[in-house]
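Same chain, two partners: chain A is paired with chain B first, then with chain C.
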Partner chain A sequence: MKLKLFVVSLVVLLSFSIAFAQEDTLTVPPIPPDSALLPAAVTGLVAKDTDNDHGHAITLKWQPSADDGAGRQSVAMYEVFRWVPDLMTRIPALRDTLEYLKLRTGDGWSPPEPGSRTDSIHNVFASLDDAQLEERKESLEQTISQAIRDLPAAHAAYPEDGDWQQVAVAPAGSATAADVGTKEKDTPDYLPDYSDFYYRVDAVTADPAIRTASEIVGPVQSYGQWFNKGRLAVSVFVLIFGLLTIFFVQHARRGADLYVRPMAGIEAVDDAIGRATEMGRPILYVLGLGTADMIATIASFTILGRVARRVAEYQTKLIVPAYEPVVMAVAQEVVKTAYYDAGRPDDYDEDIVFFVTSLQFAYVAAVNGLMLRELPATNVYMGKFFAESLLLAETGAVAGSIQIAGTDEIAQIPFFIVACDYTLIGEELYAASAYLGREPILLGSLKAQDWAKAGVIALAVAGLALSNLAVAYDWSWASSIVDFFRVVD
Partner chain B sequence: MKKSTLIVMAVVVVLFLLSWVLKASALQPEQGSYILRGFLVTFAAFLTLAVMSFLYQDNPFYKFAEHLFVGVSAAFWMCMGFWTTIVQNLIPRLSTSLADYFMVPQRPEGLNLFFYTPVILGILLLMRLSPRGGWISRWPLAFIVGTTAGLNFIRYLRSDFIKQISSTFVPLLGTQWEGIGPFLSNLDLSASGQLVLLLSNWVVFLGVFTGLIYFFFSKEHKGAFGVGSRVGIWILMITFGASFGYTVMGRISLLVGRITFLFGTWLELI
Partner chain C sequence: MKRQIPVVLVGLFGLFMIFQYFVPHESSEWIYEFLLDWTIIIGIFAMALGLWSLYRVSVEKIRTRKPAWGYNYLTLVGLFTMMLFGFTSQNGEAWGWFFPFMVAANLTLVMIIQASVTKGHRGLFLGTAGVCLAVCIVIIIFDDTWGFHFETAEGLQSTMFRAFFDNILIPIFATMFSLLAFFIASAAYRAFRARNVMATLLLLAALIVMLRFNPYFGPLSPYMSKASNWLMNVPNLAAQRAIIIGVGLGIVATALKVILGIERGYMGKG
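Right, the complex of A and B next:
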């Protein structure tokens, strides 16, 4: 009986052992994909700094896999990997902690939601007081700065302490990709220049687990170029235009009579000033909403100088409400100079040009009110205008003023055309400043612009003919000439 | 002040108070700070109507709205300029102690002494307030105007000049031209058809060509040149007309927004 019990126990134990042994065999590691399913790797992988940029970018080129569009046709895409040192992957986590510390030490701190990422950081620092938090924050700022400085050295340590990270994806059929980072050190996409980068490209099938890596290329460094060769056409035209300007300015200085066709809007300025003098009412000059660096505003300063000079001669009142502080400062200088040139420095008043506000519709409200209260005989709008153009011009029309406008803002020109007596369209505004000033520099540059326009017409016609003939007769040389004008941004 | 003006002002004040009370009581069940909220909605409606009253004529309510708008906006932009430009952007680049004082974060790249240049230029600009040193302010002005004009020169040359040339290189006969016979037999009048493509390419070319003639200032617009100039101004005017209609539609939507506020948020009629 005892023997029988012993045998049964032995059988049960043996059965359990077999069962456990069978369970163990169920957790075998995954079987690697059949090598017959793996796509062919890309070949001829080349990584080099991206041309004509400010750095922080690498361009990769390769020969597509033999199974991309041919062979087994199994390649679905290419994944580009860059070897990234551990130090670089730690920086975002350090920044998260720093962000938490800034929030914690700043105003309006409230505890994070339980279970959130910020909550896990909060648990580490929860017991620290304000002084300790400040100390940690400063220490962490220094650590991050040092880590950013150490990035080139960390990249040079390849393949120690780092791992591959996907940086770009290209569809099947592609033979190129770019790893474009930023120069901003406090962003996750920061890509340090002059650091050794290593790349590989994986040919990936529809099943992401089935892939083949290329050979590793590197080290390659990114850096900025001094010259953007894609903008060669710009430098050629700057040179030509500069030489033309110098030539015509010298020509004008020698006393040559350079013809500029009359423009009705400008001819009307003198009449309008005379009308204001006769009526004993002021002239309102609006410089628009542009800043002092805009071409339209610069042209407007010249016209303002001319108007102010005439106003000073006729002893009429001038009102110039300014939208922008720097524009106001320049306009004050222009008007002051005009009064001095007219021989009436005593008539100059600092309040002729005054600042209103830098908010668009508040400025419009103020100028509109001014128009109805002062009832100017003439309103001159010259410069950069936006949505306020019709509001100003309509109010001026209601006030019964003669209105002369000029802007290069294409969307606003229609409003001036319908509501003003005279409108200078686009470049006429620039030409008006030269026409009024009759100064050699302005006249010379206007002439140079005209010649440049003639050049544009000639080049456009020639380029048009060439591009059409290049398509019709497959002339590659003609295409290369046409491509010269396709400027890279 | 005229008696009639005083009566109108009194009526408006009474209406304002009435609107405030009614609005606050309407908001009471759902809003916590209903008195303040009622005031803000009524005040916004009052300012909207005050500005619109300008369509009739200049009046004290418009003047009030105008002065409030100008004063608040000027103060707002001054504060924004100080806190975003000087405190947030400049100070962290110049001084760690000042950055700590204003509680703004340090820049990751550390201090940058080049940023003393705008500080110096800014101080020079303020010299215009000095009766004797006013002339010094011309130097920063010359710097601002000169450098930005130079920078813009390149930008405009690229975008308005060279790109204009390259954009004019359009296939005048289309990319799939096989002769007049196949063109007429397969005539397609749809927007993506060959006829429309051909027409648009010719308009681009002729528009640029005649537009440039119009903006040519060194020759009188007579004869063939004058004809080209007339065609150019016609093309410009058609473009402006299209632009006018498009922009007016945008303005109508702004008006609809204000009307919706008055009749919806304020009067709750829609």
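Right, the complex of A and C next:
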């Protein structure tokens, strides 16, 4: 009996020993990373406001870690951290509460799903009546506004009341990253301008726990610029081109004889209108799918004015289906003025220009239907065209109309060339108004365009030569000239 | 004055837009966005003008019995139906009297159109329109299974609007777009006729580019592919870039002419 008791006691003791041994093994504290495994920190970290932007962004540059692509080659990525005051981290929670209160006090509010985040907010405010909720909402709005105003001061309190927050990640081999926020104060990514920011960059290994932080840099502030230096070349070009235009316009005003090569497409317009008059059939003018702020549409208005005037003189019927209401309103004014200028105000009908639809293929269906029903003698397509160009032009060809087209959409030009009798290619659309009017000041601008084109060709050749020579002979000055013409957005 | 004020406004806003392109500052962006908002607002008001124009032209075609005038009824009924679908949505599971309401509303519209286009029986049509309208009002007052949504986008998300948009409009658009393939074939047939040396060159170039995708060319495929890539990347791209440069300069020149008040074609003065 004693032996049995002894054996049972021994087994129980052994079991407890094993159990205690297991627990001890589980509670062993984590081994801190061996300092020998830690990667070298990045060096030379610099943080500065991002150039040529509206502010709300900081650019960071550094020398990669000695273990990035060299040494132990252990760096997998870099993580950029910004010190963020507690106030900033509290704002999203306040916004969530405000959003809840707005929903609660608005129409169509229904209780949130149990256990959701909104539900936890709801539990706090569940017992309040409408007046109290409104009061809380107003108070919260003021609190959030005040918190946003206090952000610069909160940033200035570094390192009190705040913590580091990851704001960007860069792969191994990188030496730069940007902390880009937004200017919208009601978004979580809002980054206030003129606030003191502090940054550090961690060199991180494949095991995220093994990392080395850089030295902290700061304070640095973001702010907006008043000139985008990346667009300097464009501004110089626009200035030169503007001066050229003004010079040639003045030159033309003084009575200089400016030659413009004949444009078959535009010369055919008069013949086509005459043909329509003889056949007693209408002329269809399509302004394209562009909006009134597009240059192609503006050029089309000018051509429409000329066509409408000639149509009014010949007393032919004109049909202008519009894709966009603003375009319709402008086109109505253009056609009306043309009829008045032609001395035939009585012939003007407001329904010459009418709205069809702002849906691309519905518009195509409507215009194609018009072509097949009215059988216009002439179809004129001038403006911005997309996939509908061939659908329209082929239907016009089937209807037996003379077709004249003009667009600056490169992809659509071949379709028009194939399906139409005359096509204005690219810039010819813009030149058409000057060609039609033969007014010296308009022709002067065409001359400026020609000179600018010559300048662009010369620059292209020079740029090509300089780029190659800069590489061949290591001319840094040539590279800087080429870089000047590189436009940065 | 009527012509000078628009020219001055165009000049001012045009200059600001040039200025804005070079100034990334927040204040410049703010004005730019403010002006863009205005274009949206103007566009919305213009849409009302557009719809009125569509209504007028359609009614005129019905009145004068132009060829295929019957389709204008379909146009107007379709427009009115989709507008109503866009402003209404279900409150519960059932639609209740919504569809009788739609029928009555469309009948009201048709009767008003009939009254405006016919010389006789105008009273009859107007009376019928009045009855239909009364039915609509009664349904709106007493049927709470659906409701109007003028301030929110719930109507646009409603079953009927989405059903008509997804199941009728989109297939029709796809059909229209698919016609393009046949039109390309017929246009290509016309374009590739070897009438002269240039047209023959075009035909040859097109053949090479098209045959590149033909899997049955076996040993010739690598050569076809190289020739095609050269055609696309050298002569084709060069021509495209020439057009792009011309278009770019033309855009700047036209914009300058508009800003300086030289080009006034958009006001009816060329």
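Keep this in mind: the second predicted complex is superposed on the first by the 373 of 489 C-alpha atoms of A that agree within 3 Å, B and C clash if a C-alpha of one lies under 4 Å from a C-alpha of the other, contacts with A are read in each partner's own complex, and residues count from 1 in each chain.
Assume a contact is a pair of C-beta atoms (placed from the backbone, for glycine too) under 8 Å apart; a residue touches a chain by one contact, two chains touch by 3 or more.
These figures come from a predicted structure and were not determined experimentally.
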Next on the checklist: Looking at A:302 after the superposition, I want to know if it touches chain B, chain C, both of them or none. Which is it: first, second, both, neither?
Outcome noted: second
Next on the checklist: On the A-aligned overlay, A:433 touches which partner chain: chain B = first, chain C = second, or both, or neither?
Outcome noted: second
Checklist entry - Once the shared chain is lined up, is A:227 touching chain B (first), chain C (second), both, or neither of them? => result second
Checklist entry - Regarding the shared-chain residue A:144, is it in contact with chain B (first), chain C (second), both, or neither? => result first
Checklist entry - Does the superposition put A:347 against chain B (first), chain C (second), both, or neither? => result neither
Checklist entry - Taking the superposition as given, does A:270 touch the first partner, chain B, the second, chain C, both, or neither? => result neither
Item to check | Touching partner for A:334 - first (chain B), second (chain C), both, neither | outcome: second
Checklist entry - Touching A:373, do we find chain B (first), chain C (second), both, or neither? => result both
Next on the checklist: Just to be sure I read the superposition right, which of the two partners does A:119 touch: chain B = first, chain C = second, or both, or neither?
Outcome noted: neither
Next on the checklist: Can you give me the overlap between the chain B contact set and the chain C contact set on chain A?
Outcome noted: 231, 234, 238, 241, 292-293, 295, 298, 326, 329-330, 333, 355-359, 361-362, 365, 369, 373, 387, 390, 410, 413, 415, 417-418, 425-427, 431, 446, 452-453, 456
Checklist entry - Any idea which chain C residues touch chain A in the complex? => result 18, 21-27, 29, 39, 42-43, 46-51, 53-54, 56-57, 60, 66-68, 71, 169, 172-173, 176-177, 179-180, 183-184, 186-188, 190-191, 240, 243-247, 249-258, 260, 262-263, 265-270
Item to check | chain A residues within the chain C interface of the complex | outcome: 52-55, 183, 193, 224-228, 231, 234-235, 238, 241-242, 245-246, 249, 292-293, 295, 298-299, 301-306, 322, 324-326, 328-330, 333-338, 341, 350-351, 354-362, 364-365, 369, 373, 387, 390-391, 393-394, 408, 410, 413, 415, 417-419, 425-427, 429-431, 433, 436-437, 439, 441-442, 445-446, 448-449, 452-453, 456
Checklist outcome for this item: As the complex stands, chain B meets chain A at residues 51, 54, 57-58, 62-63, 65-66, 69-70, 72-74, 76-77, 103, 105-106, 108-110, 125, 128, 137-138, 141, 144-145, 148-149, 151-154, 156-158, 161-166, 168-173, 175, 205, 208-209, 212-213, 215-221, 236-237, 239-241, 243-244, 247, 251
Next on the checklist: Per the contact definition, I'd like the list of chain A residues that touch chain B in the complex.
Outcome noted: 102, 106, 141, 144-145, 148, 185-186, 231, 233-234, 237-238, 241, 258-261, 292-295, 298, 326, 329-330, 332-333, 355-359, 361-363, 365-366, 368-369, 372-373, 387, 390, 410-411, 413-415, 417-418, 425-428, 431, 435, 446-447, 450, 452-454, 456-457, 459-461, 463-464, 466-468, 471, 482, 485-487
